[in-house]
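Can you keep this structure in mind? I'll have questions shortly.
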Amino acid sequence: MADASPERETPAKPRLLSDPKFRALVFQIIASITVAAFIFFIVRNTLTNMESRGISTGFGFLDRASGFGILQSLIEYNETSTYGRTFLVGLLNTILVSVLGVFFATIIGFIMGVLRLSSNWLISKLAATYIEIFRNIPLLLQIFFWYYAIGFNLPGPRQAMSVGDSLFLSNRGLYIPAPVFESGFMATGLAIIASIVAVISLVRWARKRFEATGQLFHTVYASLAILIGVPAVVFFSTGAPMHLDYPALQGFNFQGGVAIIPELFALVLALSIYTAAFIAETVRSGIQAVSHGQTEAASALGLRPGWILRLVVIPQAMRVIIPPLTSQYLNLTKNSSLAAAIGYPDLVAVFAGTTLNQTGQAVEIIAITMSVYLVLSLIISIFMNWYNAKMALRER
Amino acid sequence: GATFDAVKKKGYVQCGVSTGLPGFSATDDKGNWKGIDVDACRAVAAAMFGDASKVKYTPLNAKERFTALQSGEIDMLPRNTTWTFTRDTSLGLNFAGVNYYDGQGFMVSKKLGVKSAKELSGASVCIQAGTTTELNLADYFRANKMEYKAITYDSSDETVKAFEAGRCDMLTSDQSQLYALRIKLTDPNSAMVLPEVISKEPLGPVVRQGDDEWFNLVRWSLFAQINAEEAGITMKNVDDMMKSADPNIRRILGIEGVKGEFLGVDDKWAYNIVKQVGNYGEMFERNVGEGSALKISRGQNALWNKGGIQYAPPIR
Amino acid sequence: MAMTAAVPNTAAENEVMIELRGVNKWYDKFHVLKDINLQVAKGERIVVCGPSGSGKSTMIRCINRLEEHQKGQIIVDGTELTSDLRQIEQIRKEVGMVFQHFNLFPHLTVLENLALAPMWVRKMPRKEAEAIGMQYLERVKIPDQAKKYPGQLSGGQQQRVAIARSLCMSPRIMLFDEPTSALDPEMIKEVLDVMIELAESGMTMMCVTHEMGFAKTVADKVIFMDRGQIVESNPPEEFFNNPQNERTQLFLSQIIGH
Amino acid sequence: MAMTAAVPNTAAENEVMIELRGVNKWYDKFHVLKDINLQVAKGERIVVCGPSGSGKSTMIRCINRLEEHQKGQIIVDGTELTSDLRQIEQIRKEVGMVFQHFNLFPHLTVLENLALAPMWVRKMPRKEAEAIGMQYLERVKIPDQAKKYPGQLSGGQQQRVAIARSLCMSPRIMLFDEPTSALDPEMIKEVLDVMIELAESGMTMMCVTHEMGFAKTVADKVIFMDRGQIVESNPPEEFFNNPQNERTQLFLSQIIGH
Amino acid sequence: MSHDFAPLPDLPPPASSVGVIGWLRRNLFSNTINSLLTLFAIYLLATLLPPLFNWLFFDADWIGDSRDACTSGGACWVFISARFSTFMYGFFPENETWRINLIYIALIACMAPLFMEGFRHKVKLGVFVIFIFPIFGFILLFGGVFGLEQTETSQWGGLTLTLLLASVGCVAALPLGIMLALGRQATNMPAVKSMCVLFIEFWRGVPLITVLFMSSVMLPLFLPEGVSFDKLLRALIGITLFQSAYIAEVVRGGLQAIPKGQYEAADALGLSYWKKMGLIILPQAMKIVIPGIVNTFIALFKDTTLVIIVGLLDVLGMVQNALNDPNWLGYSTEGYVFTAFVFWIFCFSMSRYSQALERKLHTGHKR
């Protein structure tokens, strides 16, 4: 018993077996060993299976020539490029849809979220209908719908809808003119950069002036004037050293110009409409989370509705909106892997699909593909943590 | 070997087929699988169990098929798969034979008014992912210094749908498939198959490396069918043929000479194949030939002594 | 200040700052304000009390048009309230309001809270707006909290900031809607002190409150409301010592019993 | 009871139920308990008071090891508290605890709340456990609420259930952490009555409370804590009439002034 | 002023602020911008809705059994009705479909009381539906005992398969998700905690497609040679692991919402860790997280369409399969609209249910 001992500095040690620390340690060791054994078991099975079945291993295949073409590639690519490059092409295509999807989903989502709260009954019900329809239908189905039911009902290239012989819309996609720069274009390029710099400093100056004198300066028009005017003047004064490469029907297809293929179009459309429905809900609840008292207090101070939104409501709503918003972005990126269903050459389609099939190296390729998505989500969650820490309201 | 024993033990053959390619492997209204590839599995089941119905099917798209076979999910893959060097050597697979000699061709809409593939520069091509077709196409256009845009789909259904909708100017695939896919069009006569054949596509059942017993069974199930045709044994007359005096026929039907035990199966293995699945010619006609909607002529797939190249080593 | 101390009894002769004439208001079918008539002169301090749900908040919120009335006229500083946006803006510049739950902007520092309206509504430069902010912050005795965020302050401090925030717009009228009822007892006094000081400086004030001590100290008139009506309206001595109406007597007995 | 009433002054000679020897505790770097020494004899009733944040709750929670102390010894009923799980279990069977916020289990009925620990810790059959539950429910005078859920009871009733719940484990010691401070004034008395009755039955009790009336009525000793130390520890008469320490005096004046 | 207070009578509000006119004024024409928006919306609806309704209903063909019945230019619902049974039951033997119907009926009968106000044994019934009912369902579906004809999992398809995948995936993920959530909360066991975190983040970070692909074709590669199990089961394993990560996060939210006092009170009564969790914390936490779990269930339900990619034929798969039938070529829009409708009905009603539940729990907590 304890009272036999004189006063001790530290509390007595517990018996080993019922010491929670010891138990936790033992439990953790057992758990770790189990997991490690399980992983070992799997890895060993895989290795022996692969060896006994004569499946080649390693990442050497990345240097071999692929031998197949890809519909859309943001970097130089042809049949003689390596599988490594195929991976890059797929990755870039994935990033392209994701970025476009995020962009449009954000815009549509915010608009719909705000309309959902409109005091106009009809508008708010329309927005609600949009949200309820699109978020309750599987994305894959929506992708099919946009691709098959809409995209395939467009006319063929020979009957393409056109705007002034420079824009063509057909079931081969949307073709728009591509700019081709000539040697003298340098000056215009510099002018564009210069005007961007000018606009930035103008905005800064305007903000400073506002803080100093309280006078608002409407930078929008001035900026537009600078952005368009200066380069235009330079452009024409140097003799318009650029021409447009117009798409034109040649043989079976349009040649020249920039093509937006229907696969990309349908995918971005489906992804952004689907995700926007979720974003709209996020935005709505974010705005509603700002208490009505805030708006009232701001109006009682005489602030106009637009400013109330900008200075009081949105900054507070954003704290609530951003975290779920980023996870929507992540979902969108992951969902872009459904591209394969309609033949858009994203990472899963060209790398985890065709490449895997040509090389048969499933383990390596699936591992690489999964890591790409994991890295993406890691980046997003790092951003989230940073943002949450930065934005946390200071409390007592 | 391991696969052989495993199949024997579980009592059925797990067969990897395509997700739907009329004449090769497709389900009918009632969900029963039909086609040449399906029959390859049925023949093996007939040889092994004396019952051609002891087969279970796993529909696979082109992308999944090798992984599925490698991983052991299926026992054999007769899914019109082209025999190539890489596949045979680096994927850990063995091709057991050729049940269909094919070559890649093109299908275009008649409206386009082209007569030859050489006129197709700049065309958009619908194609199925993960096939040799993808590679041949690239080679062909590169060799002829032509441009193309490949739109790659996961399954042949989508390829046809896109072709029909005009998303691409032509569809490329093995000739046999082109005929099969053509009948999936709303109006099969609106499209035509161009004469060019740009590649050799020997199609045949595939097994995993490392089980020669199983490999032999699959290979000789096919050979038995070809030999049966050569010897004139058919589904109908097989019982009569049992009484035949022709030593070749008697050997094929396991009455004398060779023993089924060399393959690890019953002596009447070949009899069962012919009785339940038919000889090669019957199988061909029923699934893809005149007796089917595809109406493909025997061509290269005729027997070697009838102007084709189907040739099987003798059973002796 | 000496001048304002003399005002109370002569209020009626003074300039009228707020006038309500036969004001009626409904929430849907519910009749909240019934025929309200009221005049508040410049510099007058009105305390409004009454049982919960009697329409006190609604009345006071109609005055700077946080709520819309459906019948009758409300005239603030000579301008009649209509749904004209410019007029509303004009009125709101002149009428400050303090809420029960402070409603400070939690994403801005105290000083930013104060400078916001002067900068955006009165178009002052930031420096100047902040100087004014600091001045009022000193007046409510918490200049040292300027850089903190509202969430870091106690309730009493927050309410004092809210008062200062309204004052920064130099309103001619201040409305208070139960400014102390969300506060712990220790903090009530510090807020009331600020309000008393403000009252003594001659500001026109309308204050919904149940702090009868405050009413006795500063009010020129105490108004008692019940079921959407003004039941009694009298100077505090009269109101407390000699309530005219039964309803008022009952209410007072409860308040004091509490 | 007569017997226990005689106990107080002879406590030291009695069996020691709780002993704290040089107990120290830190939260991170913050030193909450500084060298606490205390002996509680069997049947003794101790009231602990002191300003907010002085470590009262922490000390009492160390006694049934809801908190871990880092230095010194705590001996409860002869057993020294270590992190030994069996011992902790043992101690917790003997020490009942009542919290400020009741902490009843909202998903269980009152009777289920009471029967839970006897069934699962003492392994009693349900019938028996519920019989005991009913018995204590009668003792706290709400047997009619047995089938209700905690959410359906008033605060005072909830706290009485909480006391009954602890008693169901037949503890030898009861700890109370401000059991009445979350209650409306009307309800405080009903809880205190139960506690007084309990005290009179001879239970060893330690109670953090600011109810000085209670302290005077039942405490054998009142302990005053400040900044993690025991500043004063005396029988109530002495404590209230003749506080030794300045801080105690200050504290008492505030409490009574309040 | 009179000495007695006689309240004025409540008057009806002015006509312009109530009734139809008041409503229109407030909700549609409160100011110029709003009026313009209203007109625009009306225009939009007027141009879009009539053709849509014509196609969907008025011009549609409903009766018949082959494509010849579709002549009127609207939607050809005949296609759906002709193929309806495969959409519902997949390739399940036709004279055995009563077994599936029986499962549905039994399930509805079991679930109905859960939605009834004042039903006492919700928890017990819920546990029954979640843990016991699946066994009954499996026996009926799979057969092979009690004289029921055995079916192959490859014959399971259509809506039945969709529901099966989603619900089995979700139910099987529940225990795993709870363990993971508890593990993630175990601050005193950093190794266990970090393993749980890794597991959860891994599954949440990868697309379901790759998970399905891995489980359907690569799983046998991970196992000793010769060990192999059913394709459907493998897809279910993938789905379960995937889902468990999401459920773990929902449950963690629930655990965090339980006040610390509950943990302390349980400790003070001498309950051990598992008793504390099992008797006090989890029952409360699970109640809070029901809406969250319903939401992840909805997400999973929609995601099951991806199993097409590994060759399982759910509703969407069966519809696509039917679209390849040469007899019904060209009715893809009808097929997709029908599928969309089926999913929408399920998802919409479930999300409404979870919202209602959330609101109810919310008010429940205020008391």
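The first chain written gets the first letter, and so on, giving A, B, C, D and E; residue counts start at 1 in each chain.
Keep in mind that, in the parts below, a contact is a pair of C-beta atoms (placed from the backbone, for glycine too) under 8 Å apart; a residue touches a chain by one contact, two chains touch by 3 or more.
These numbers were taken from a predicted model, which means no experiment stands behind them.
Listing every chain that touches chain B and chain E alike gives A.
The minimum number of touch steps linking chain A to chain D comes to 1. Innermost chain of the displayed assembly, by C-alpha centre distance to the whole-protein C-alpha centre, is E.
Annotation: A-C is the more contact-rich of the chain pairs C-E and A-C, by number of C-beta pairs in contact.
Averaging C-alpha coordinates per chain and comparing to chain B, the farthest chain turns out to be C.
The centroid of the Cα atoms in chain C and the matching centroid in chain D are 47 Å apart.
Centroid to centroid, with C-alpha atoms defining each point, chain B and chain C lie 89 Å apart. With centres set at the average Cα position, the gap from chain A to chain E is 26 Å.
Residue positions 85 of chain D are each in touch with at least two other chains.
Within chain E, the positions touching two or more other chains are listed as 213, 217-218, 221, 225, 309, 332.
Chain contacts: chain A has residues 20-21, 49-50, 52, 148, 340-341, 362 touching two or more partner chains. Pairs of chains that satisfy the touch definition comprise A-B, A-C, A-D, A-E, B-E, C-E, D-E. Contact residues of chain E toward chain C in the complex are 1-5, 7-8, 10-14, 17-18.
Interface of chain E with chain D (complex): residues 259, 261-262, 264-272, 275, 279-280, 283-284, 287, 364, 367. Within the complex formed with chain E, the residues of chain C that make contact are 24, 26, 28-31, 34-35, 70-71, 226-229, 231-232, 244-248. Residue ranges on chain A touching chain D, taken from their complex, read 1-3, 7-15, 18-21, 23. Only residues 19, 21-22, 69-75, 78-87 of chain D touch chain A when the two sit together in their complex.
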